[in-house]
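The same chain A turns up in both complexes below, where it pairs with chain B and then with chain C.
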Partner chain A sequence: MSNTLRLYLACIRNTLDAALCLQNFPCQEVERHNKPEVELKTSPELLLNPILICRNEAEKCLIETSINSLRISLKVKQADELENILTKKFLRFLSMRAEAFQVLRRKPVQGYDISFLITNYHCEEMQKHKLIDFIVQFMEDIDKEISELKMSVNTRGRLVATEFLKQFV
Partner chain B sequence: MACFERASPSLKKILLQLYRADKPIEIDHHLHEFGSVEYHVQSSLSDPQHAYLSISTPLLSQGDLLSYGLSHYSMEMVKAISLDVVEIVQPAKEGYQLTLRLNLSKIPCGKDSMKVISEISMVQATILSSQLKEMLWTVNSEDTFQGMCKPIKLVYHPREPFYVIKQPLKIAAVFPMRFKEHSDVIIATAFLQELTDVGSSKKWAKVPPCCWAPIPPPELRGEPFEDLSTNGGFVTFDIYPRHIEGKRLDKTVWSLLNFYAYVKYHVKCTKGFIQRRMRKRLESLVETLQGPNLGEDEQTEKVQGNARCSCVGKSVRLPKFKMLKRKYGDFTRKIKKLRFRIKIHGFRRFRQRWLTIPKFSSSMGYTKLD
Partner chain C sequence: MAAIAVHQFAQCITCHAWSPDHAMVAFCPNNNEVHIYKLIQEKWEKLHVLQKHDQIVSGIDWSVRSNRIVTVSHDRNSYVWNQEGSEWVPTLVILRLNRAALCVQWSPKENKFAVGSGAKTVCICYYEQENNWWVSKLIRKRHDSSVTSVAWHPNNVFLATTSTDGKCRVFSTFIKGVDIKEKKEGTSSDTKFGEQILQLDLSFSWAFGVKWSPSGNTLAYVGHNSMIYFVDDVGPSPLAQNVAFRDLPLRDVLFVSEKMVIGVGFDCNPMVFAADETGIWTFIKFLDERKTSSSGPKYGSQFSEAFGKLYGQSKYGVGNDAVESSRTRGGAHVNCINCIVPLREAGSSRITRFTTSGYTWDLGSQEDLLNYL
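Presenting the complex of A and B:
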């Protein structure tokens, strides 16, 4: 792992560790409703300052916290057009199956590639440090998977091109 | 339209059925392939030895060269499929470009019969290949334009024309690439760049050099704008005389005819590969998430049951007494859960009297004084 990536992930981990202090808080607007305040943003007193962690111009992480929920939005690096479409396809694939992940948002926040929404209920069901580990591991895995996909596509293209040219020999 | 396999599978099946039939059968089949190729197979009881095969296929070029139907060269190539078995009927049946009379009695027995029937089923590929071969050999000298021959537009598929340009030392085949989706363009562009890289290496010096460019080559200046507007760039193959000598001519022609289909098939397979890989990755990512979902009780069970967990290693090393104590603790917790889940009126006294679990106290442990 490169040094900048390590520092980037460490910063995100520490920020999540501090931000994942969620508690149950029923909705102030509508009685008997309980909504993630970070999504509604109707009561400013329930929201904390959002934190933007940038590794570089292409990679960044936005952490928005409220009293009962936390939203993490990630922008993944895309070096060229091929990585761009692979990232879009893969993250859209995961987002469409968000119910398997529980903490994944179906639609990413505008300007980002993927978003997580963690509520106090998730914190009650799951262990906090494991959740943070999952988020950080997810970020590493996504980068790794996109790189591997790109390499596989190029390798396949090369093999197919070789097979096509063999027909002329 | 040519496909990867030269022989038409359905036509082959019908001809085999005719050939292998014990008794004479009457057949009148119309086959349609790829939306534009049509076959008509006829066999009657009055003439069991012969069958009639009519073909209608879109020609590569609709120019003057082919204004009188199939060229003489194409006819010769078709006759050469099997001189004894195949006979061209003139004129062709109405609505078809070519009608063949097949003498089934002249088909050799054994393995050679399959070969002959396969070659007859390749008639459409033979017609198209012969047209392109002819173009690679002969170009009208009156069409010379600025020292080069005018590009010949070959309409392989209504939306997929390609060009053949005769130059002093070589023939250039230019393919304008078009795709419906943006992701197809990116995947195809990556493939075409790999094709260019591989083709330019020393190992593949014998193959026709190919190059990819996002803009049309200068030889196509003057062609209609709608034919030159693409989203996948232009691929050019330079065919030298050594590539069309002897048996190589057939291979070169077939590869050029199938180039579009090859690229599109590769794009389709790559998308399928990406999808499969994403599914696999999804499963592994979801498995990772199962860890944080565990509550306290389930975690204890998992610790005992899951051989991969490091905690199991620790529990194995614990003394037997402590293991039994831990198991007892789980058991009592389960009983307590069961006990508090269901509330039955009047059951409390029964529970206090009969369901109290005795406490085992150790001589070494602490005993509470009353």
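Presenting the complex of A and C:
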């Protein structure tokens, strides 16, 4: 794996380690409610500064934290039109099944490809370092998945074209 | 040193409190109940379940002399429980809150208790004999955000609060008819209820876990920016010190003696801070011994050990070769510690044992720390 990817992921891991210090916090605006403050954004004192980690112009990661929740938005590298379409379809497939992932957000944040929302309840049920491992592993696997998909599309296209053009030989 | 006793009561404990004789412990297992367990012949047995709240119980305190439990919850209610026979009977508390209650503490004389809330107010409750309920007086208009923690000064009148607006404030909570005005020279004339004595704006992030030292001379609280603040001579001209550490932020602190403080937080490992003869506070060590950490504040050597681990990573599998897995914390706690409660021997001002959400720790076996006690 390339050196820049290793550094990028290490940086994200360290940031998540510090940002995932979440605690149960009831809503200040509505009584008896408990909402993820990073989505609500009504009390600015409960939000921390968002951090943008860029690997290059095409790949970046936005981490926004608050007192009880954290939102990570990823922009995946898309080199050409085909990868653009594949990424969109693949990530849409995952986002539609967000309940199964628990920490996935159904719609990505504007300007990004996919978003995660981790709340204090997730940290209570699951271990923090395992959550971080999951996110980082996901980022590693996404690139591989897209390349594999692209390769299989190209292979299939070549096979179909060969078969089709055989009739003219 | 490791924890002397480790008890797994529930998957997640929100808060806990010990009975005066240390035989029973009351805690909230992250739901709307309070469980009371008793140590019967080396095993913990569930004795009572207090079910009156609708939402998670965020604070429990057990008074030492009057054997009463006060509980506050996110459902804006609070109850004072008295033990009558073998049952715990709740007494109504008129809190007049319109948001969740976050923390509670009995005053030293146990005639009042303070509740911090998400309504940006602090309620001071006292007992009204005629109606058999607890009434509250509110400190309003001072806090800009939720009050996360409250702590009583030994004189039963001053109250320190921390809030998510990053400030620590000290108020006077003198209530006519409940408190007796001390006729001493030198006492300040700020004996009006709700009078703000002091406001400390030291942290630029949220403040938690405020505590007074046993004599009431020093105040300690933590900020979410991984710093702990010590304020000596609280009064017209306080002396503030801050200690920054490179680990994850703390959530709560405890004064073990006048000169030693234990802090607990997101690092799952209690940290010891002590003041030397000149009054300068420093970080001493972690209480839980781990193989990777070194004893003493030598952060340089810790860093090189971590680097050694990175480069010595063996390649096993295509997926793992470059991404190191997270440091697994080999300590007693697996998740963040959110409160620390002392096991106080009656009459003694030195605390040698304390518990952190389910684990009991003994300081007495630690020789190098005894010098600071």
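Rule of thumb we're sticking to: the second predicted complex is superposed on the first by the 169 of 169 C-alpha atoms of A that agree within 3 Å, B and C clash if a C-alpha of one lies under 4 Å from a C-alpha of the other, contacts with A are read in each partner's own complex, and residues count from 1 in each chain.
Just so it is clear, a contact is a pair of C-beta atoms (placed from the backbone, for glycine too) under 8 Å apart; a residue touches a chain by one contact, two chains touch by 3 or more.
Quick caveat: nothing in here was measured; it's all calculated off a predicted structure.
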item	value
Room on chain A for both chain B and chain C (clash or fit)	fit
Contacts of A:S152 with chain B and chain C, given as first, second, both or neither	first
Touching partner for A:F93 - first (chain B), second (chain C), both, neither	first
Partner chain(s) touched by A:A18 [first = chain B, second = chain C, both, neither]	second
Superposed model, angle subtended at chain A by chain C and chain B (C-alpha, nearest 10 degrees)	150
Which of chain B and chain C A:Y8 touches, first, second, both or neither	neither
Touched partner set for A:D141, first chain B, second chain C, both or neither	both
Chain B versus chain C as contact partner of A:Q127, first or second or both or neither	both
Partner chain(s) touched by A:F116 [first = chain B, second = chain C, both, neither]	neither
Partner chain in contact with A:V169 - chain B first, chain C second, else both or neither	first
Per-pair minimum CA distance [chain C against chain B, superposed on A] in Å	6
Overlapping contact positions on chain A, where the chain C interface meets the chain B interface	125, 127, 130, 133, 137, 141
Of chain A, residues touching chain C in the complex	1, 5-6, 9-10, 13, 17-18, 21, 23-28, 31-32, 34, 43, 45-46, 48, 67, 123-125, 127-130, 132-133, 136-137, 140-141
Chain A-touching residues of chain B, taken from the complex the two chains share	182-183, 186-187, 189-191, 194-195, 197-199, 204, 206-208, 243, 248, 251-252, 254-255, 259, 262, 266, 269-270, 273-275, 277-278, 281-282, 285-286, 288-289, 291-295
Touching residues on chain A, where the partner in the complex is chain B	81-82, 84-86, 89-90, 93-94, 97, 100-103, 125-127, 130-131, 133-134, 137-138, 141, 145, 149, 152-154, 156-158, 160-162, 164-165, 167-169
List of chain C residues in touch with chain A within their complex	11-12, 14, 30, 54-56, 58, 74-76, 98-100, 102, 118-120, 144-146, 164-166, 205-206, 224, 248-249, 251, 265-266, 319, 321-329, 334-336, 338
